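Naming follows writing order (A, B, C, D and E), and every chain is counted from residue 1.
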Amino acid sequence: MPHLTLDKVSVHYDGQPAPAVERVSLDVGRGDFVVLVGRSGCGKTSLLNVAAGLVEPARGLATVGGRPITGPGPDRAVVFQNDALFPWLTARENVAFALRLRGVSADKRARRADELLSLVKLGDAGDKRIWELSGGMRQRVGLARALAAEPEFLLLDEPLGALDALTRERMQTTLLDLWAAAQVGVLMVTHGIEEALVLATRIVVLAPGPGHVVRTLETHFGRRYAAGEPIRAIKADPAFAAARAELTDAIFEGEAA
Amino acid sequence: MPHLTLDKVSVHYDGQPAPAVERVSLDVGRGDFVVLVGRSGCGKTSLLNVAAGLVEPARGLATVGGRPITGPGPDRAVVFQNDALFPWLTARENVAFALRLRGVSADKRARRADELLSLVKLGDAGDKRIWELSGGMRQRVGLARALAAEPEFLLLDEPLGALDALTRERMQTTLLDLWAAAQVGVLMVTHGIEEALVLATRIVVLAPGPGHVVRTLETHFGRRYAAGEPIRAIKADPAFAAARAELTDAIFEGEAA
Amino acid sequence: MSVGTYSERPAAKAEETDGFAVPWSRPRPRPRRAISARLVSAITILVLLAAWTVSASLQLVSPVFLPSPAAVWAKFVIVARDGFVDATLLQHLLASLWRVFAALIAAILVGVPVGLAIGISRIGRGVFDPLLEFLRPIPPLAYLPLIIIWFGIGEPSKILVIAIAMLAPVALSTAAGVRGVSRERVDAARSLGATRAQVIRHVIVPSALPSILTGLRIALGAGWSTLVAAELVAATRGLGFMIQSAAQFLVTDVVVMGILVIAIIAFVLEFVIRRIERVLVPWSGRE
Amino acid sequence: MSVGTYSERPAAKAEETDGFAVPWSRPRPRPRRAISARLVSAITILVLLAAWTVSASLQLVSPVFLPSPAAVWAKFVIVARDGFVDATLLQHLLASLWRVFAALIAAILVGVPVGLAIGISRIGRGVFDPLLEFLRPIPPLAYLPLIIIWFGIGEPSKILVIAIAMLAPVALSTAAGVRGVSRERVDAARSLGATRAQVIRHVIVPSALPSILTGLRIALGAGWSTLVAAELVAATRGLGFMIQSAAQFLVTDVVVMGILVIAIIAFVLEFVIRRIERVLVPWSGRE
Amino acid sequence: SAEDLKITIGYQTVVEPSKVPQADGAYEKATKAAIDWRKFDSGADVIAAIASGSVDIGYVGSSPLAAAASRELPIETIFVVGLIGPSEALVARNGAGIEKVADLAGKKVAVPFVSTTHYSLLAALKHEGVDPKSVQILNLRPPEIAAAFARGDIDAAYVWDPALGQVKTTGKVVLDSSQVAAWGAPTFDAWIVRSDFAEKHPEAVRDFVKVTGEAYAQFLARPDAWSVSSPEAGKIAKLTGAKLDEVPELLKGYVFPPLEEQASDKFLGGATVKAIAATSAFLKEQGKVDAVLPDYSKYVTAKYASEALASN
């Protein structure tokens, strides 16, 4: 089974005095759900971009299935922090984009796109233009577009950031359902501590200056959900509260509150 | 003291079958901190844009200081959901923009911009170009840029959405400090239930289809903070937990969890 | 398309609320009060016509050099019916239209791919940049003999002269459009499995489309303005040929009439391209 | 400026990783292996020169119409030293350069505001659109006599002919740039207290700058290619005048030499504008 | 006063003797005026410049002159440069099967429209009774004629030097303009002056004519002395851009009338008026001008030529 690995990766942007990320190692197998958390500007997006093949590490190696990553590929679908939707397409056409690339018939791909739009609770927004969508709707269209590509790895940069609590919770379960069913590997950036706990099989905590890993937590709440336990029950578990406290500490370590 | 009021405002976008928002009334005085919450796509941004003078209501009236709103003005500074920063300016120049418009000397406005950047914890990012900033950093630059205009009203669309928990909490206190000191009126959209409770003097809950007000809650936690009580203590107050439950219910009313 | 902004309402601060003509989606407007661009255009044209009539009737310059509108109109009727230099106005017009359109199509077929190559690939830029830079500043009057030596005196030569004038605007605008393509959208497409060719077809071309259409509009203008030079090549028909023949004999009314006919045709074409623009790139300015 | 993409590395899937020449900020690259655009350009030019030399020496066309590179070079030396039609090459060059630059400045001074007006205000569009649409397709050869009549035979007439050719690209590109301005940025500026004038100065102009610069590049090409037409009007010096005089007496080597000089000058100017572009609009494509 | 008189002269790069005094500054010396020499490429532009008042004295061919006169522009012909002779000729491509004018029917013939050769060609067709509609007459400028001729795109061309010399290498002369002149359709080039300028500065015009006449006299006295190596040929080549070794040949293409003949009825005194009237009538027939004037004598004056002669 292919693994996505970053091996002692450093990122150094042109013209910047210091590296943005230094010697970070990560491993995402299919069936893993790895969540990156950390302070604003600590290099989460940068690492995700390395995995996506959009940023070349200054040092270290990024591989997928053992082969070095040389650019973006359909095996790793990305949802960007700023939805990079195509304004010349409708919401449905945006979602169907990956299918169109593969030559799926117009009919079939419209059907599949509508399925995915319903999945992200936008069943009736298929004909809308991008500029007719609200911020949260765009984010969900971006997510559906990545799902349509049926990748081996999903790389998500705060995919639920602009969503209200209820929609967000629903999207979380949708993500977990998809992940459990398709056995994809997920690498996701989030700012929600609970979200990280509910979703992740592994949480990687980054600290800034330059970005490095301070802690890795293995969690299992997501697997419990995938095995059938209701999500509210999982959140009520005292183990959840303990993990929450531990994670909060790890993130805020050495910081005045 | 000027008030910002929306009186039975409906918003209907060109070419859409149904209105996006129907008969919503709001009132924001200076010294008020009104927070809009509600599901994705329920019309929060639309209402904020009406207050900003960027969207004209199909019916109803929007006024500020009693005069109808006929367009955007420096009395109401907006922070957009997609940071609308200027890529041809550095972070500092973006923040100093409003001062430049007023003819403040280069020297003075650089100093003021640096102050504001420190306030949003970006003291050392002044010389960066917009594309060199992370998502959360951009959001904070956008906030600082609006603050520089020293408006009577601040209109904020999920200004802390892309921030990690710690930075977000710090920004919340910064916002409260500013609000208390400058006695501006704030109209803010957020998805964070706790955030709404901590910041607001009044919370307006919108429901979709078309967007309308389902509940208005008066809260006082923000004022307590402004009066000197530490924020952690406020959050620990049982009244806070009760308000939290009430708000959650109001948002999720009539929805399966 | 109805565009509603606050500008159409009585405004407290006029200078700030004059509104921008840039189209974007806004809620339903109140009924328009501002005058429309088309009305202003009509007024402008009428004012120009009036100025022309007045200065012609005052005989500020000899009518040989500034014929009156009436004289030009009379000539128009005569040339439309009886012709000038052995062909009617319609025949001249059709000959020129066909040349300009053939050249436009050639310029699109060559210029758009060349512009894409320049914008996209380093090798494309290396090869086509110098060729284009070499070709575009050369005055057509200077290379006419070479064109004839290589391509003869038939239609191809005339079309080529026009097409060369059109090539640079099309290619440069295309290349500029490609340079402006959002990097994030390209990345998104690639991560969705787009091959290089698919990125070009599905992301770069649509993104560059507004710029390409601007290039076409500039190119059409350039093409018309090369018409006289092109029709110096052994033409027997064509508006440029007609104008040139008339100019030589100081038949200024025909010259002015020809200029007006070209301007009107160009006007109509411009209008058509703008329609196309609105249909093809409704998102321009809304991203 | 160093641009790093994966394209410079050995790639598993070549077609997908060929890389885009669009500049954007990426981490430090490995040392380049791909050939640079400049090298490819040099090769292209050498190939063209070789083709010219070969076809000239095979006498595929008579040297009257296509002189050999050696002959052109010899003529270059002679004209540079002794002159042609009573002026040295440098004098011709300076005369033309001054005209083109004066016209460029005039075109910028008029075209950019006109383009802004068209893009921004409904009245501006109403007034200037028809004027521009009327002016731009008219062939310079058609209105030369009218220009002489109205503006005489001095420098102003020549500059005017060139400037008219430049006006449309500048104005249209500016207007297109304005249309592409992000609505949100305009709104942001207005809510920060910008007056209409300040929005134009601080948001619209910088946003439209890439487009304006493209317009200038197209305009310069158009200007040079109108040079011969402009210098038909009673010139005593100028590259176009030189070329035209030579063409009349079939002195083809001078014609070709003049064409090459124009091409080289245009090349250099283009290079300068691209530098300016890079300094002025580093954000192009990164938004 | 004459000291600060400014004269603008529009010349064309035709190879003729008055280029020598132009190069020497003799006109400036004689008229004591500052002269602004401006080059033009077509008679139409010269006429436009004169009519606009920006040029005072100009060089034109007989066709544009007739067109301008028919449109009643305020001009006067003051000097006939020369009757066009062998310098303009109809050349048929070898192998095109054209031996005489009558053979042109069905063939492609190129001329620069509106030029003197255009007039000569049509006059020749008329004289030989060939229907112009049966001939494919194409509009090309001389350099393009040379190119099209070399390619074989055209069967014949009526053109002047140096394109004429070029086409002669692969063709042969069927007819030249001296023959057409003999058939009653002479073509010529002339110097013209704007009427109001002439009225204000008659001495300047007289001196101009005088200097021009002197140059012609010098050439006519020893035409062979203006050889390739002569300073005169060098000056002409430098000023016009003509190839130096072609200059002597080019100078032979015209029949240059001396000053003594200018005022006579062979030229300004009579024949020129008739030639302009004939050309105008012909242009009218071709639909190129709207009306023909009853009298063209107003556009020709022998006054300056006579005065110049008298002041010798």
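Note that in this section a contact is a pair of C-beta atoms (placed from the backbone, for glycine too) under 8 Å apart; a residue touches a chain by one contact, two chains touch by 3 or more.
Treat the numbers as computed from the prediction; the structure is a model and nothing was measured.
Novice: Considering chain C as a copy of chain D, what rotation angle in degrees (nearest 5) results from a C-alpha superposition of the former onto the latter?
Specialist: So the angle, rounded to a multiple of 5, is 180 degrees.
Novice: Counting C-beta pairs in contact, does D-E beat B-D or the other way around?
Specialist: D-E
Novice: How big is the gap, in whole Å, between where the Cα atoms of chain A centre and where those of chain C centre?
Specialist: Chain A and chain C have C-alpha centres separated by 47 Å.
Novice: How many angstrom lie between the CA centroids of chain A and chain B, rounded to a whole number?
Specialist: 27
Novice: Would you kindly tell me how far, in whole Å, the mean C-alpha position of chain E lies from that of chain B?
Specialist: Averaging C-alpha atoms per chain gives centres 83 Å apart.
Novice: Any chance you could list the residues of chain E touching two or more other chains?
Specialist: Within chain E, the residues that touch at least two other chains are 42, 44, 48, 51-52, 143, 146-147, 150.
Novice: Residues of chain C touching 2+ other chains?
Specialist: Answer for chain C, listing residues that touch two or more other chains: 16, 25, 61, 65, 145-146, 149, 182, 190, 195, 232, 244, 247, 250, 286-287.
Novice: Could you list which residues of chain B touch at least two other chains?
Specialist: Within chain B, the residues that touch at least two other chains are 13, 53, 71-73, 82, 132.
Novice: Please give the residue numbers of chain D that touch chain C in the complex, ascending.
Specialist: Per the stated touch rule, the residues are 15-16, 18-22, 24, 34-41, 43-45, 48, 61, 65-66, 119-127, 129-131, 133-134, 136-146, 149-150, 165, 168-169, 172-173, 176, 178-183, 186, 190, 195-197, 210-211, 214, 217-218, 220-229, 232, 240, 243-244, 247, 252, 255, 258-259, 262-263, 265-267, 270, 284-287.
Novice: Enumerate the contact residues on chain B facing chain D in the complex.
Specialist: Residues in contact with chain D: 52-54, 71-74, 76-78, 80, 82, 84, 86-88, 97-98, 100-102, 129-132, 145-146, 148-149, 155.
Novice: Could you list, by residue number, the parts of chain E that touch chain C in their complex?
Specialist: My answer: residues 42-44, 47-48, 51-52, 63-64, 67-68, 71, 73, 110, 113-114, 136, 138-141, 143-144, 146-148, 150-151, 153-154, 283, 287-290.
Novice: Would you mind writing out the residues of chain D in touch with chain B in their complex?
Specialist: Those residues of chain D that touch chain B are 25, 182, 184-185, 187-195, 198, 202-203, 206-207, 209, 281-283, 286-287.
Novice: Show which residues of chain D lie in contact with chain E when the two form their complex.
Specialist: Touch list, chain D to chain E: 62, 64-65, 83-86, 144-146, 148-150, 152-154, 232-236, 241-242, 244-251, 254.
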